[in-house]
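Take a look at the structure set out below.
Each chain gets a letter, A, B, C and D, in the order it is written, and its residues are counted from 1.
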Amino acid sequence: MGKLYTFLKYFFITVWTVFVVAPFLWALTTSFKDFNSVNGGVTYIPWVDFEPNLEGWRVLIKSPAQGGVDIVEPYFNSLFVTCTASLVSIILGTLSAYALSRYTFKAGPIKNNDITFFFISQRIMPPIVLSIPFFLFLGAVNLLDSLFGLIVVYIVLLMPIAVWIMVDFFNKVPREIDETALIDGCNPYQAFYKVVLPNSIPGLIVAGMFCIIFGWIDFFFAFILTFTEVQLLPVKIVALNSSITPWWSLSASALVSVAPLIVVAFIVERYLSKGNLSGAIK
Amino acid sequence: MNLVGENLSYKLTEELQLRKISFNFEKGKLYTILGRTLSGKTTLLKTIAGLLMPDSGSIRFEDKNFLEIPVWKRNIAMVYQQFINYPHLNVFENIAFPLKQRGLDPQKINDEVFKSLKLVGLEGYEKRKIQELSGGQQQRVSVARSLVKNAKILLLDEPLVNLDYKLREQLREEFKNIFVNGLSEESIVIFSTTDPREAMELNGEVIVLDEGRVLQVGAAKEIFENPKDLKVAAISNDPPMNILKADLGSNKIKFEDIEIDIPDHLSKLKDKHFNFGIRASDIELNDNGFEFEVELAEISGSETLLHLTRGNLKIITSIEEVMDFKIRDKVKINFKSNRAYAFDEVGNLASSPFRGSNV
Amino acid sequence: MKIIKTCLSAMISGVLIFSPAFADKWSDQFPHIKATGDISGDCSYEKISKKNYKGKTLKINTHAVPVIGQPTALHAEQFSKLTGATVDVTHTPAGDLYAKAMVPFKAGQSPYDIVFGFSNFINDWRQYLAPVPKKYMNTKEMKDVTKSHVGVSSWDGTMYQYPVDGDRHYLKYRKDVIDNPEMQKKYKADTGKELKVPTTWKEYGEMAKYFNGWDWDGDGEKEYGSAEVMKKDDLMFAAFFSRSVAYAKNPRTPGGFFFDLETMKPNINNPGFVEALTDWVEATKYVPPGGINFGLGDEIGSFGGGQTLFSFSWDDAFIAAMQDDSPIKNKVGTAPLPGADKVWNRVSGKWDNKYNQAPYIVWGWAVGVAKKSKVQEMAFDYLCFFSNGANHQADLAIGNFGVNPFKNSDFDPNLYIDTMGWDADIAKSYTKTLKDMEKSKNRVFPLRVRGVFEFTSAVATGTSKALAGQLSPQEALDEVAKEWEAIVKRVGKSAVQEDYAVGVKMEDNKL
Amino acid sequence: MNFKHKYVFLFPGLFVLIGILIFPIIFVVRLSLSGWNSYNGLNFIGLENYVRLFTDDPRFWESFIRLSFLSVTTVTLQYVIGFALAHMVWKEIKFQRFFRVLFLIPMMTTPVIMTVIWRTFFHESLGPVNDLLQIFDVAPKWLTDPTLAKITVIIVEVWQWTPFMFLLLLAGLLSLPKEPFLAAAIDGASPIRKFIYVTFPLMAPISIGAIIIRLIEASKIMDTVYVLTSGGPGTSTETSSFYIFIKGLREFQMGYAASMSFTYLIIMIISLTVIAKVLTKLLLKE
């Protein structure tokens, strides 16, 4: 029994690892190809199957006039917008989540769960249609094509995630901890930041990671709500996708765009390994 | 100057947790709130602490309206049945937390923390993380944290219930010393428990609580000797007192097919039908006694609990030694009727061995 | 016109002969035009350098790099150097160009001074675009633009889109196969028919089928019959119309190809279109694996990479095949779109059994200046500069710039022979193919009525269901016709009619 | 605990969200009552769009059924695989950190970009999959067969979003109390029994949350479909959100798209509530 399970376990893990890695490997070799080595039949190994070149990568830093996309500035824009929006979402979302987890609210038929669902439900609406009102809204307050405007919209995108994860998290943190802090002379705010917050770091890490991911990979709002001043990475990369699909530079950009998030993955894993995620408190 | 509560009521959703509770706690005394799980003990303590706001009623302390003072300004301390500490702080920091919150100077904090560490017997553990301690040690830390504040009101919500038997015995003894002897004359200690023995041992003023009501208030001994009614009798005894429907005959008390002699203190009972109450410990094995069948035998600590049946009769007896019984064994028992209680048909105490008939 | 042309060819031959010696002050500064140097005109480097736009900003939305996006950015850089203007360029995928400009237009904003798009956006965009001022209509550069491309850029005589590119669909084939005597013999032996450049879709189909699924060029990979845009996206309908014109554009029945202009009843499900769709469904049997999910990019990659015998639609696949590093450079040829042996006569309700061929002047890159732009003059100067002689010729020579011939002077084979190293006969057939389309009197222009994307999207959905085998050609087109009628009803019959009349006028050679 | 401070905690987030959203939401409703498109402005046409949607647009409802199929299938697969993976790297295993990080990474790729890679991957004549499958002399039509195209979409979705489930479930597993497992170990329960009677029930609450949120996200499935197949062949991979996208941004029938979105929103809220109830009943056995 045990042996079979171990065998199946490693078999499954191997299969999944191959599945996860395969497209990345494919992207990696493709990123060194050119038109002919993509379109002249399937090739795999550089120097053996095809003559590798760095054009796919060079495109990413060349200026458009030279046929590149120059992702350097959008890269930092994306980092800035994602991190700021995530931070604001986490702060506001955590506060709201704390309130929803600890206190009871009642306004007519609306109770805590309904408020939580209201937060989460903001993610149900298809972005296509919401983009138009957002456009008008940001236009009215003169925030179109600005980093700040994008951050405002991303907060709507990300705060629901933060609220969802943090409500769940706080529900697992015994409320007696907060009560003890109050009894020990903290007012509710002090209790929150001196006691609850330090014990919520794992939850904050997970929520933060989801916020960063969902902010980083958004394409649609960044696409509709910016013109020339501000460009975000996904929009810039997708702009590569012209009638002659440059599979090599799209591959290179896919690898480049996932890179900063791998750092995030390592941070999250570190907290996972410590085993104190999700409110293991008692 | 006392802590006085009047007509406190609290409602959670539709259910009443506290029903018009009043109390008057004096400084320098230990109070025990005895009640079963969900009887409202924790609610009452939290209300006193200020964590819950009663729907009606008032609490006054030192001539101030206590309800207007927020928790964090009430100068109270509380120990929970879960071992609540701050997981992100080590032992020292945990105990020092309330003092830092008060803004005391570091030297003073240091002294106080070590004093209370000593009191709970955790010297040398100050650098440990909370997660590295055993349950009992964790609870000692939270007790130390509550002591260090020198609070005017100390609330202990079943602090021992989550510990294993041995540890509980040991800590109970220690706590008694700490609370009874280690506290200043200025403090009020309120200890809640489900365990009547604990209440008796602590030997303070006992408040018996049931379904959000105060059933009886009195010294531990008084509650034990003269439980006001059947409910109190049930709550204040573990195992619960055996209650048997009995008839008073001429010189005999009859229940089912058993007849026993009337002891003196029951002889003046007015009613013919009454509830005969006898503690498990007041039933002894006796070869000349009545034959019962063992339904269940459990060993608890150094005693053996026997659940016995005879016809429709069901009783529990506890024997002060470990004995091996099998199910359906026959045993013979005798009732120490001079220690029996009588409750009238409504359930109020009619006569106790300590007070005689209360008419 | 002739003078310009002569001048041009003279200049180009000059370049060829005295190349190292040729240099003017502009080509030193801008290596892009080193082949020709500055070419005199109203928006030449010389002229534009006189303008001073210091402190002004020009905002442009264009297509992705490199197709049209790269020349936009390049000329922006040059323009900025010459005039001191700041030029901001954003790049947007083809499918999103419409929405990217339309959303702000509808919201009453104009974040861009210049918006690139396709020529069939004209009707939706023209109310937000500034007409090309007279001054630019009279430039030397503008006078060189072919009549049909002036037509494509204009709405009922008023030009809203500045001509920077010219597109049409034509046939591309593998010369090394079709012109190969051995293959011709083999084909004759196997099928009893001549192997030649197909002039009808039936021939196209037969040859494509014959050359499908085996290695006919000896490179170790299988080759296939035809690469076509069959992916249900924004370009699919254009491929379908290319295949339909032969069967459904009857020179004897003027008054509308897509609709009967009189009644605004859709023609889309008449036997002509159904025949074309039947051919197309058949074509799914001789496209490469995955071919019915090919977008334009795949078509370019497939034909341009040497995978198929035939392809039609835009220039790009041909240009890709003719790139310097292409393994099939100078092995490809061009010809007009195939025709048909019969053409539907919707007046008589019968087939006219006469050979019919009609070019489809499909839409290409188009660009306009926003009406609300505060720098209109600078914007038009930029566009005029974009397509000035020197830039245009240099752009034409770079395959993936996506700038295709639209000036009369572009139809000079030497341009391609000299600067791009094409074989003479290929260059000649290429320019002839293009020029003949200009001459044809039986042409189809893109549908440009309001809500045009509702119509074309319906076509894409319907035909794609047929290609996938969900519906028969007749059923699919009936569904499209029903949808079209619903759209006409929704939009308002007279409105669509009014719009369509403008296009019909062009088709019927009345404009 | 109930202090007036609770509002200080709740309101900043709530009001920021409402503040940003109030106008857009009202506008969507207003938009849905208009014929806003490329040639019409924000006119008022009453419920015409809704009438059209409910009486004359089978394509929307077909796409909705397709969406339900795709999202339920992908989320189920993601849940099962995610749980299996989390369970496997939960306890000691070689290269534990490596696997944990690796399994997270697909989620961090931008779908619009990564799907282009997938498209080349499954490209029937230029992609490696069919090239390698030649060995077995098969050439599945990954993107051009109506049924297989759906499966390809599912494969890509599973690849991208299984990490989401994996992470939440792994976090859940790592925070489980130890006592029930000790008890089970003392009882000598087999691993399977331990899973069924201990692990799974303990994970039920977190499972429900994760499934619901993934359903919400999966219902917006669009980038994958857009890049891989554009809804084709035919309409065989067209989902609601993609159809709304076509009507909205491609055909620019914004008014109609708004009415579809609004209808979609209502249906989703209702069905998610029902699904949440059913899941709670099934998993928590209440």
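A few remarks follow.
Throughout what follows, a contact is a pair of C-beta atoms (placed from the backbone, for glycine too) under 8 Å apart; a residue touches a chain by one contact, two chains touch by 3 or more.
Here the structure is a predicted model, which is why all the values come from computation and not from measurement.
Counting steps between touching chains, the shortest path from chain A to chain C takes 1. Ranked by separation of Cα centres from chain A, the top chain is B. Separating the centre of chain B from that of chain C, both taken as means of CA atoms, is a distance of 91 Å. Rounded to whole angstrom, the centroid-to-centroid distance between chain C and chain D, based on C-alpha atoms, equals 39 Å. Distance from the chain A centre to the chain B centre is 53 Å, each centre being the mean of its Cα atoms. Work out the mean CA point of chain A and of chain D, and you get 15 Å between them. Of all residues in chain C, those that touch two or more other chains are 96, 99, 298, 301-302, 307. Shared contact sites, meaning residues of chain A that touch two or more other chains, fall at 38-39, 41, 132, 136, 179, 182, 187, 238, 241, 245, 282. The multi-chain contact residues of chain B, meaning those touching 2 or more other chains, are 51, 70. Considering their complex, residues 1-2, 5, 9, 12-13, 16-17, 19-24, 26-27, 30, 38-39, 41-42, 44, 92-93, 95-100, 102-105, 115, 119-130, 132-134, 136-137, 152-153, 155-156, 159-161, 163-164, 168, 172, 175, 178-179, 182, 187-189, 192, 202, 206, 209, 213, 216-217, 219, 233-234, 237-238, 241, 245, 247, 250-251, 253-254, 257-258, 261-262, 264-266, 268-269, 272-273, 275-280, 282 of chain A touch chain D. Those residues of chain D lying in contact with chain C across their complex are 35-39, 41, 56, 59, 123-126, 130, 139, 141-144, 146, 149, 229-236, 246, 249-254.
Every residue of chain A that touches chain B in the complex is listed here, in rising order: 174, 176-177, 179-187, 190-191, 195, 198-199, 281-282. Touching chain A in their complex are the following residues of chain C: 59-61, 63-67, 69-70, 72-74, 76-77, 88-94, 96, 99-100, 103-104, 107, 109, 111-112, 219-221, 296-298, 300-302, 304-307, 314, 316, 320, 323, 325-327, 400, 402. Interface residues of chain A facing chain C in the complex, by the touch rule stated above, are 34-36, 38-41, 59, 63-69, 131-132, 135-136, 139, 144-145, 223-224, 226-229, 231, 236, 238-245.
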